[in-house]
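Please go over the structures that come below.
Across the two complexes that follow, chain A remains constant while its partner is chain B and subsequently chain C.
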Partner chain A sequence: MKRIDTEAIVIGGGATGCGILRDLALRGIKAVLIEKNDIASGTTGRNHGLLHSGARYAVNDLESAQECIAENRILKKIARHCIEDTGGLFVTLPDDDPGYHRKLMEHCKYAGIPCEELSVGKALKIEPNLNPNALSALRVPDGTIDPFRLAAANILDAQEHGAKVHTHTFVTAIIQEGGTATGVHCHDTRTREDFEIFGRIIINASGVWGQRICALAGIELRMFPSKGAMVIIDYRLNSVVVNRCRIPSDGDIIVPGDTVSLIGTTSKRIEYSQIEELNVDDGEIEVLLADGEKLIPNLSRTRVLRAYSGVRPLIDVSGDVDGRTISRGIVLIDHAARDGVEGLVTIAGGKLMTYRLMAQMAVDLACKKLDVSRKCSTHREPLPGSELTMLPSKHIKYFTGIPQSVVGSTLYRHGERVRQILSLSKHNYALICECEMVCEGEVEYAIRNLNVKDLVDLRRRTRIGMGPCQGELCSYRAAGLFTRLKVATSDESNGMLIDFLEERWKGMKPILWGDGLREAEFTYWIYQGLFGLGDVAMRGEEGDK
Partner chain B sequence: MIDLENISFDHCIKCTVCTIYCPVARVTHHFPGPKQCGPDTERLRIKNPELLDDSLRYCTNCKRCEIACPSNVKIADIIQSSKWKYFKKKFRIRDYFLSHTDLIGNTAVKYSGIMNFFTALSPVKFFLDQVLLIPSKRIFPKYARGTFRKWFKKFARKKQSAFGTHVVYFHGCFVNYNEHGLGKDLVSVMNAMNIGVTIPRERCCGVPLIANGYIEKARKNARFNINALRKTIEDPGTRIVTTSSSCAFALKYEYANLLEMDNSSIFNNLNYITRYIYDQFQAGNVPPMKPVTIRAAYHSPCHLERMGGVIYTIDVLRRVPGLDLQILHSECCGIAGTYGFKKEYYDVSQKVGSALFKRIEKARPDFVITDCETCKWQIEMSTPYKVLHPVSILARAFEK
Partner chain C sequence: MNYDCLIIGGGISGLTCGIRCQSAGLSTAILSAGMSALHFSSGSIDLIGYDRARRIVHSPFEYLKEFTGAMPDHPYAHCGVDTVREALVFLRDTLKAEELEIYDNGERNHFHVTGMGTLKPTYFSQRSVFNDSIRQAFERRAKIAVLNFEGYRDFYPELAISNLLKNELFKNVEIVTGRLVFPDYGDPEKNPFEYRSIDIARIFDTIQYLDEIAEQIKREAGDAEFVAMPAFIGINNYKKHHQILQMLTGKLIYEIPTLPPSILGMRLDDALKSRFADLGGVLIAGDKVMGGDFLDGVLDHVHTQNYGTTRLRARAFVLSTGSFFSGGLVSDSGGMREPVLNLRMSATSPRNTWYSPQFLDRKGHPFFEFGVETTGKLNPFDAEGKVIENMFCTGAILAHYNPIGEGSGGGVAVSTGYYAANQIIKACGK
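Let's look at the complex of A and B:
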């Protein structure tokens, strides 16, 4: 069996795992990351991409609020190309307790969050589609963040500093020698290869799946998963983040995310056994749309693109099985101290906003154990692509000849790396995805540099198939590119295409009405009627029939 | 920031039929097509206006995409309004001249002899080409001596009071400054049908202004025209007609959809002329006609197609005895108003029209018939045939 030796093993390729890998790499520690699916495919990629200012937590959870504002400031510096500094509003509607407005202002002051009172008229000028019956408004430094881009940029930097990544790879066992965890046994689901990785420390950053990883090491760690559903609107209804000024509840945030807007979120406790079956039900969609409409009344006239949900990895540290004392804060567990298993550390809880801080905490502990004295620098070093502030107008000139929409969109997604992606050859800027302006050069760059193994991975790196058509025109073009770039056989490309369409279909199913339904029917006709994709026999399938 | 009142782009389901029917996308890769420039990139422009593509400028606003669209997306309107919402306005003397047709026309008709002489001279053409970027290959329409309005006042107005029914005629700049013949034909056709003609005050309908981004001026003209025309229809049965399909299209649709003006007060009274004549014919008002013995090829202009007006023209023409009419396959002629007068688009414009020119050649007609004045210029310049207006055909048939 293949054996890999390293210093640190990171389990989980969410924001935290990616952040940990980068932090380790920047401190000169050899590290390998294992992810069972794709980078940012779990909870990290299933939120509304809100760069919290902390105001949302200011009243109920001062500590989280303070963490948020501190990380907010750091991320705006180190992850420029993953962030849009849109600003945010907290709007009091006629149904809301008018006292909360004042309370929020006071608590923001304690937490050190800049919070400015606005007249409703001024708020409407910033956000013309806002409910004009709003009673009052506050402005806070909320923004938006692209979690896929953030995770991928962390990985890219880590790899450029020598770290290794295995995606689509399961941990099947934790290898222990005399009470010390020394390595992991893994299975690559794509190559169907088993191999072992040995290291001096294992960091479990697998979020809600952390309970399973701990179980593999014989440790009991109770997770209390909470499901949050979100709805995506076809285009940007709002230009700033709009929050409802009340005690956090369902459907009270509308976030402009790249080319779309998202309404979030619900919160529902689910059984641990259900964490893989994340369906969104009618009730959740109804709540989200009804509450969203209160903030932006025109929302009811817009097209809903898809609905999806994620699982918050809430963790129980007290051993209290009722889960009453469950914290939403960061939990760092040294299993040597807690369970007597050396070489294993779990980091869980927290938020996307605090991923960097969580990584820092985990790596600080790892360094103590490995006797490494180098300090964390992830709060200073910009991520790849964010080295300089990029002005689209300047770049559009630099790439004269390529459509502005392509240059602007590529720049938006990859920051300064755009110079490694675009070139004036016609092939390079030929469009693959027409909704999100993903060109052939960008697909090639992603496949070659960003750990893309299939079409679904490609979507997370480039936004392919995330526009109104949900992959109707771009997915077969992109599948063809995998073959042309010789990273997949034509059978494998067909398989990817089917998987990709199934994945898109899953998120469209709950919202199929109106134009969304018409478009889905059209897509179905293209793929089933025109291409006969349902009749494509995959390799190995023939014998089963 | 987005105005949620106008979200037709959201209904696009990417069937791409608009791009198949786009005459410009077919001939140049510089224009990625209506779907891309309209609904697709509208989403991006909402996010960030800097994502505006220069390729938008290639759109001729022929509206064929809107006819093709099964989802009722106002594709061409999205492209037009993006042009003037997001492009930085640059003053260009050429565009100013091309778009301010009534201003230029009023001056030109006073010195029409000199104007027509000079614009045909090759050194002048060279100058226009090099300095103003008006292609030297383009042949200019001739200016008439004096205006149609003056002629009407002097020779026709008095006679009109003899008729019991009247139409209000919006003659447009072309008839007023270039082609009095068409206006005279209209008057004689109406009179032959026992209908009098009145001409209210009017300004340029705004089509060239819209195309060149003079939106405020277009709105001003629209306001003027709506008010002037509204006064003429206080008697509710009164019909307003035009002999220019683009003027009719602007008055009816561009005013409301693009300029966001309220033209509901005149909307139902207003038609392109052949629709009005069709209605009259249906009601039995068909004066005796003599055979014309003309073999003609009929070209349907884009804007008339967009209004669904082509069937009326064809029906009216079919009633003219002796007219051997061949209906050409629907193609864009490529000129698109002022578009074909711009050096940067001249080649595209001619390429777009080439399919139509070939069809005309093949039909070997005596004349070409079409409803649109700029199509007429384009066809007369690019083929050996003279182009007549349907009303002029009728005038020949009605001649005693």
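Let's look at the complex of A and C:
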């Protein structure tokens, strides 16, 4: 069996795991990351992409609020191309307790979060789609963050500093020798190859799946998964983040992001056994749309693009199994101290906003164990793409000849790396996805440099298939490119096209009406009516039997 | 304005109906809101391709006898098998009059190759898609070259070939690929790597590039006896230029339907519209019906976006506005409806049963089978449930059939359009 030797093994390719890998790499520690699916395919890629100011937590959870505002400031410096500094509003509607407005202001002040009182007229000027019946508004430094880009940029930097990544790879066992975890046994689901990785420390950063990883090491760790559903609207209805100024509840935030807006979220405790099969039910959609419409009335006349859900990894810290002491905060567990298993660390809880801080905490502990003295630098080193060296207008000039929309979109998604992606060859900037302005060069760059193994991975790196048409033409084109670039066989390309369409269908089914239904009819017409792709899918299933 | 027959919807169903009415001497107008579904179609006409167990149907008319017996609400059952047969003959003759030659297989289905290399049973194909020479070459196991323009984004021969070779019928057939490059015609404004089928069709429509393209085909195809290309060999001059290319290369050249826009579908659309206009029909393009008013239980007139308060009157009306995709049916989170006259819909189940769990379910999704309910004569019901005697619904707006799952979309559109026309002609005393 193949054997890899390294210093640190990171389990989990969410934002935290990716952040850890980068932190390790920047501190000169050899590291390998294992992810069972794709980078940012779990909870990281299934939230509302809010760059918290911390205001949402200010009243109930001071510690989280303070962490958020500190990380907010850091991320605005190091992750520019993953972030939009839109600003955010907290809006009190006629149904809401007007006293909460004052309370929120006071707590923000206490937590050190800038919070400015606005007249409703001023708020409407900033956000014309806002409900004009609002009673009051506060402005806070909320923003938006693209979790896919953030995770991928961390990985990219880590790899450029020598780290290794295995996506689509499961951990099947934790190898232990005399009470010390020394390595992991893995299975690559794409190559169907088994291999082992040995290292001096294993960092379990697999979020809600951390319970399973611990179980592999014979350790009991209880997670209390909570499902959050979200709905995506097919237009960017708001330019700033709009929050409902009330005690946190369902459907109280609308976040703009890329070309869409997103209504979040619900919160529902689910059984641990359900974490792989998340669905969104009609009730959740109704609540989100009804509450969203209260904040932005135009929403009821806008097409719903998708619905999806993620699972929050709430963790029980006491070892107490009834879940009374669940924390939403960051939990760092040294299993040597807690369970007598040396060489294994779990980092869990927290949130996307605090991924970097969590990584720093985990790597600080790892360094102590490995006797490495180098300090964390992730709070000041910009991520690849975020080194602000050229203004957008200069880029447009630099790429004269290429449509501005293509340059702009590529720059928006990849920051300064745009110069490795675009070239003046007409082939390079031909559009593959017209909705999201993804050109052939970007597809090629993502496949070659960003650990893209299939079309679903490609969507996370480029937004291909995420626009209004949900992959009508671009998914076929991109599948063809995998073969043309000789990174997949024809059969593999056909298979990934089928998988991609089925994956898109999951988010379309719950909101299949209006223009969404029209689009689905057209897409089915193309892929089954014109292409007979269902016949290929069926053959694939038979082949598996 | 006053017509014998006013048809709302200019797709293949409305056009078939219009041509039939106009050729019988009725003054006929067709209102068309925009491009019809033909622009997105395969360009072949499917009659019935699959039986209810999803097995391939080889003799569609034989199968339809049994099928219509078992499915009394199906549009084919309303038309009757004889009318379906007549309708298809009528369509073929109509297209022939416009010099668009259709291949039929003597009342049997044939297969056409799709862009993904699967085989689809169909009833009529254009002769550039299937004909007897292609069949013979295929039976000889002749070598095939699948050629494509370098950088054309909407067709990947490798994906199609890998699926084709898995089919029993293509066992031991040698298939190669080759790349053509766009002829040099200066510095085009549009990026050639973003050309759609329509852009390339225009190149083929221009005679001056044919020699160069023929040279490239010969070089790339080598000793292959027949050449397959995406269906973009011209629109206006395709017939002549296709022949010229075959002559210059000495090879059989045939077309594979592409991603939209469908050049094959556009040829059908052009031919039918041209036929309708030649017969003296009135085509009102780019206008949308907003509603209509009833008088004594019949539809008296409709009004449109562009004509405003002007009433469009007719003795008979045909609604062939298509399904959800074309806007003939609309839905929201609460249900589905017919938007022009609020005609009665077939019973629709709760929203979470409109679709199948798998997207690529070959049976087709349940929502395809929802639509306007009609009598056996294709007369719809108003909101109160009363039959509207001077109105007919045809094509994809109809309930109780699954165009893709059954492989019946084109056939139902043509047959119901034709059947409605027959009744209108009779009612008008012609």
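Observations on the model:
The rule we apply is simple: the second predicted complex is superposed on the first by the 534 of 545 C-alpha atoms of A that agree within 3 Å, B and C clash if a C-alpha of one lies under 4 Å from a C-alpha of the other, contacts with A are read in each partner's own complex, and residues count from 1 in each chain.
Just so it is clear, a residue touches a chain if its C-beta (ideal position, glycine included) is under 8 Å from a C-beta of that chain, and two chains touch if they have at least 3 such contacts.
Quick caveat: nothing in here was measured; it's all calculated off a predicted structure.
By the touch criterion stated above, A:C435 is placed in contact with chain B alone, chain C being left untouched.
Contacts of A:G88 after superposition: neither chain B nor chain C is touched. In the superposition on chain A, A:I498 makes contact with chain C only, not with chain B. Residue contacts after overlaying the shared chain place A:A479 against chain C, while chain B stays out of touching range. Of the two partner chains placed by superposition, only chain B is touched by A:C469; chain C is not. In the superposition on chain A, no contact is made by A:G42 with either chain B or chain C. Legend: residue contacts after superposition of the two complexes on their common chain; A:T489 is shown touching chain C, with no touch to chain B. More residues of chain A lie in contact with C than with the other chain of the pair chain B and chain C. Contact with chain C, but none with chain B, is seen for A:L530 once the two complexes are overlaid on the shared chain. By the touch criterion defined above, A:W513 lies against chain C but remains apart from chain B after alignment on the C-alpha atoms of chain A.
When both complexes are aligned on chain A by C-alpha atoms, chain A residues 431, 473, 518, 522 touch chain B in the first and chain C in the second. Against chain A, in their complex, chain B makes its touches with residues 1-4, 7, 9-16, 32, 35-36, 40-44, 46-48, 50-55, 71.
By the touch criterion given at the top, residues 282, 285, 289, 426-427, 429-432, 440, 473, 476-477, 479-480, 483-484, 489-491, 493-494, 497-498, 501-502, 504-505, 509-514, 517-518, 520-539 of chain A touch chain C in their complex.
Of all the residues in chain C, the ones that touch chain A in their complex are 40-42, 114-116, 118-120, 151, 153-156, 158-159, 161-163, 166, 191-194, 257, 259-260, 323-325, 327, 330-333, 351-352, 354-355, 357-362, 364-365, 367-368, 403-404, 409.
Interface residues of chain A, counted against chain B in their complex, comprise 128-129, 234-237, 239, 256, 258-259, 298, 301-303, 392-393, 396, 403-405, 408-409, 412, 431, 434-435, 437, 467-469, 472-473, 515, 518-519, 522.
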